[in-house]
Amino acid sequence: MIKDAFNNKKKLSAELGFGNKNYNESVRFLNQDGTVNITRKVSDKHIGFDIYHWLLSITWAQFITLVFISYIIVNTLFALVYFSIGAEKFGGMEVGTGSEKFSQLFFFSAQTLTTVGYGHIFPNSVFASSVSAIESMLGLMGFALVTGLLYGRFSKPKADIQYSRHAVIAPYFEQTGFMFRIANKKQNELIETECKLALAINNPDTKKRDFHFLELERNQINFLPFTWTVVHPIDEKSPLANLTEKDLHDRDAEFVILIKSITDTYFQTVYSRMSYKPHEIIWNAKFVPMKQTPQRKGGISINIKDIHDYTKV
Amino acid sequence: MIKDAFNNKKKLSAELGFGNKNYNESVRFLNQDGTVNITRKVSDKHIGFDIYHWLLSITWAQFITLVFISYIIVNTLFALVYFSIGAEKFGGMEVGTGSEKFSQLFFFSAQTLTTVGYGHIFPNSVFASSVSAIESMLGLMGFALVTGLLYGRFSKPKADIQYSRHAVIAPYFEQTGFMFRIANKKQNELIETECKLALAINNPDTKKRDFHFLELERNQINFLPFTWTVVHPIDEKSPLANLTEKDLHDRDAEFVILIKSITDTYFQTVYSRMSYKPHEIIWNAKFVPMKQTPQRKGGISINIKDIHDYTKV
Amino acid sequence: MIKDAFNNKKKLSAELGFGNKNYNESVRFLNQDGTVNITRKVSDKHIGFDIYHWLLSITWAQFITLVFISYIIVNTLFALVYFSIGAEKFGGMEVGTGSEKFSQLFFFSAQTLTTVGYGHIFPNSVFASSVSAIESMLGLMGFALVTGLLYGRFSKPKADIQYSRHAVIAPYFEQTGFMFRIANKKQNELIETECKLALAINNPDTKKRDFHFLELERNQINFLPFTWTVVHPIDEKSPLANLTEKDLHDRDAEFVILIKSITDTYFQTVYSRMSYKPHEIIWNAKFVPMKQTPQRKGGISINIKDIHDYTKV
Amino acid sequence: MIKDAFNNKKKLSAELGFGNKNYNESVRFLNQDGTVNITRKVSDKHIGFDIYHWLLSITWAQFITLVFISYIIVNTLFALVYFSIGAEKFGGMEVGTGSEKFSQLFFFSAQTLTTVGYGHIFPNSVFASSVSAIESMLGLMGFALVTGLLYGRFSKPKADIQYSRHAVIAPYFEQTGFMFRIANKKQNELIETECKLALAINNPDTKKRDFHFLELERNQINFLPFTWTVVHPIDEKSPLANLTEKDLHDRDAEFVILIKSITDTYFQTVYSRMSYKPHEIIWNAKFVPMKQTPQRKGGISINIKDIHDYTKV
């Protein structure tokens, strides 16, 4: 009895990790770009903030600006130290005003940090030599971190999945199905692509939010050279059975998608997330089959922008 | 009923992601080298083109040429900037014509970019020093990217699987089997090698292309020091039951193979793809067992080129 | 019969790898920070000590101190070699005492090791040149190792899981459950988080320590943007059935947790370990639902420190 | 019928990838250090030889010697080029004999290759400058490869599993079991350790070599802080049922082990292989339980060398 109750619960409400509070206002858990619409506040800032993740997530413009500004700041700081040590402790300096000397020491710092070390200016006291020995060591390690991040950003694996702009609910064989299409936007190939589909929907009886996994006609595909139409057949066991278009709107439904795949560049596992809200679902429509153009060289070509095309039935 | 219909469909047609359009002309999805014979056009070029994947995919000759040309272009650009700043802003320059000065600034640029910085030429104005400070920083980061790519290309995991040139269809125990052989071409070992085999074949009834997974006698092997003969037993449930050699040709069959394995260098998961078309299948033949030569040191030696040998039965 | 006996045994005693000796004194296998409370002595030191693992495990302060000291030691050693070769074998040296010469050679070494190479001091005998050629090569390789470790430490994947300070045992649906809560402390997202829960408990009959896997209401969750309350329902088949709070203390119980998840930074699999001892378990309490604050931008915010809150029931 | 025949075959002979030829002389597939005792000859050398794998596999002494010799060869080659260009094309050269000039150009090359670039010698013709510009670029890329390999070797994941020197066959509960013990030799922890055990044995009836997977009492363990005694219960379904010690020798048995685990340094999956031959199996013996010494700090300590201890029963 008790056992059954549990099993029952599991089937009725597949928790996705989003909690099951029923919101009076409409809520979207996943944005269409796959980012999660939820913020976690952590009291202990030092634990919560992950600088590595942040440096990999910021845009290229932000990253390059950050590197450039850090480069100027570090050189300024070392120039200040060298200046306070005294310009006369450096060989090869030209005579000039204080600011001219500072400028020369700034560039001496840059030449030390990057280890270019032209040597027309060079330290010739123990203290000046010590600081520049430290600077060149820090330079090596700092630039190693920066270039590690640069390469890490550059080589970061990602699944560039193109989702159809809309999902459709349409006749499928002798019944109805919830369907959307995906394709690979990149030129590499995706292997063993898997899909999980879940539905988040308000429950008017319990006044809570229910989560249901939706069974798919097929949840894995070996290759993804063309497109894959993911189909949830709406049979009598489907949580969508007997729901109307209005029901999905009223109960603030959200179809949450998790795609898992392996890229053939480095055979890395990558994930992609997406969701469809009711206004992004077309009822009684079906997708237009992708136009497959034979190529002169014997292959076949498709145009990914066709993935969005559907016709009313 | 409906449920059964679905199950039925799944068994009848295992979608591989290649679509199921029936081509009037003969088509090959996978080339024998494992590349996919399909092109995806993406309207938005910036999303579709993956420079990282491309730089890992081009040949070594192309990669090295590209690096070399970029090196010349970058140095030329910086030399132009230095020249426009004025050769007199650099110490250690020899007197000479404009082109001699340009040449010296070009090599000054190279010495800055690589951070070799001999220093017989050095910047001695604020502007000249600023540009060379930027150049040495860019040099560090640029060469880090290049060497990251170089090492990435060098260490890229791949399954160097040798497939037998032909598959055979031959008696197997009391029935018939579709068989091919694989071996590891590399000196490292492959662990937990898995195989998936599917058949793409035109269906004269539906005028569409069907896809079937073919059950294997065994779909995983722990080690692969010798060869593995992958066998699909053609029993009454096999999609190949009752098909003749002519049928495979007429219906443009293609046997699509996906091998997954783990290399023992870095314990990385690697994949390999291949396909056999009807003209690469020998009927009523069996593979010649690999000759295993005992070694003086106590081990056994095989010659991988024997993998292709078969005899008619 | 025999077969059943085995199956039986498996269900009764899930070995976790901790052995099953019954300790008279209280023992904790896992510390609350997830480290394992067990030391392995290895007779052959060279095999047992893993310098790579150690360099990744020490604190940042220890790591940086180690690098700094090594830098000084290596430069001192090379300065001694250069000094024994003779200061007159180096061009650009200033006249001075022995210690002044040594100091100049020390900084020449630093300039060589970091490849900054100002060149105001340079080797001008074959032997001096040879040693500095070796030093610059060692410098390149040594700093590459150091910066590899630096980046390795920086990019090391970890699951920053926040566990609730206490577990609770409380009514759950129509029965009782053992529950604890987890959340992601980082700003990145965790995908496909899995949990395994086991119980280590002294057996007064056999005088040994038994291990039991505890079945969970759900052992995987797709996303973890909020919190996940992991629940072991205490039904009649649970090893906890009929145990009292006093029993857990007397029999020195320990609830051992293994969390497996995938971070969305690099899609790396990460693990986290924790354990609860009886004094960290609150009976007849339930967790206070996390306060979910709608954000202006449309998302939802939670405060992770609420994860510890419970109320008596 | 046919189906059963297949299933039957699968149970009787689990192919491990070693082929099933019956050798008249005794053969060992896996050495005790886990290396595979089989050589593959590949006709096309360029495909078969994997330089990356080789550079990761050679000893540290070989690797460092190789780097050092390459460094000398490359510098000699460039010195020859510089010498043929003419020593007068380089500034800062001291007057001297041909071999003195060659020696100076050799060290100029080393200073260029490592980008240390002191600058007391510098190129001052277009051709000399061009070659040194190329050398510094090659130096950067070459040392990046070397240091990539250095770090790759250093950080290479491996499972340092200590196997008991002998396996034992002894009473186990009410029957008999084949058992061996493993422990983790490293200071890091192993998570989710899995074991696969197979038996290779000559079949006197078929005159071939059979392979059988041996079922384990337990094939996965969550943590491995102490030791794990892997047990194959010899019940009536075991291929070992009714075999005597003499049978194992006569039929040249080999017990092949594959261990898979996850290290907690980087959460990498690692594999370890081993095998036991009949002379490494003790009949009617059982392992001495590992001595677990409580530590002052509250933990427990074991000594891994105890893993080999057994007593006759």
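Letters are used for the chains, namely A, B, C and D, taken in the order the chains are written, and counting of residues starts over at 1 for each.
Convention: a residue touches a chain if its C-beta (ideal position, glycine included) is under 8 Å from a C-beta of that chain, and two chains touch if they have at least 3 such contacts.
In this text, all values refer to a predicted model and were calculated from it rather than measured experimentally.
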{"item": "Chain pair showing more contacts of the two, A-D and A-C", "value": "A-C"}
{"item": "Interface residue identity across copies subunit B, subunit D - same or different by half", "value": "different"}
{"item": "Chain separated most widely from subunit C, comparing mean CA positions", "value": "B"}
{"item": "Distance between the centres, which are taken as Cα means, of subunit D and subunit A, whole angstrom", "value": "35"}
{"item": "Length of the line joining the C-alpha centres of subunit A and subunit C, rounded to whole Å", "value": "25"}
{"item": "Shared-contact residues (touching 2 or more other chains) in subunit D", "value": "111, 115-119, 144, 148"}
{"item": "Overall pattern in which the protein chains touch one another (line/ring/star/complete/other)", "value": "complete"}
{"item": "Complex contact set, residues of subunit D against subunit B", "value": "2-3, 5-6, 9-10, 15-19, 21, 23, 25, 27-29, 36-43, 47-50, 52-54, 56-57, 91-92, 111-112, 115-119, 122-124, 126, 129-130, 132-133, 136-137, 139-141, 144-145, 148, 152, 156-157, 196, 198, 256, 258, 268-271, 273"}
{"item": "Residues of subunit C defined as touching subunit B within the complex", "value": "115, 117-119"}
{"item": "Subunit C-facing residues of subunit D, complex", "value": "67, 71, 75, 94, 103-104, 107, 110-111, 114-120, 143-144, 146-148, 150-151, 154-155, 160, 173-175, 183-189, 191-193, 217-218, 221-228, 233, 235, 262, 264-267, 289-290, 292, 294-295, 298-305"}
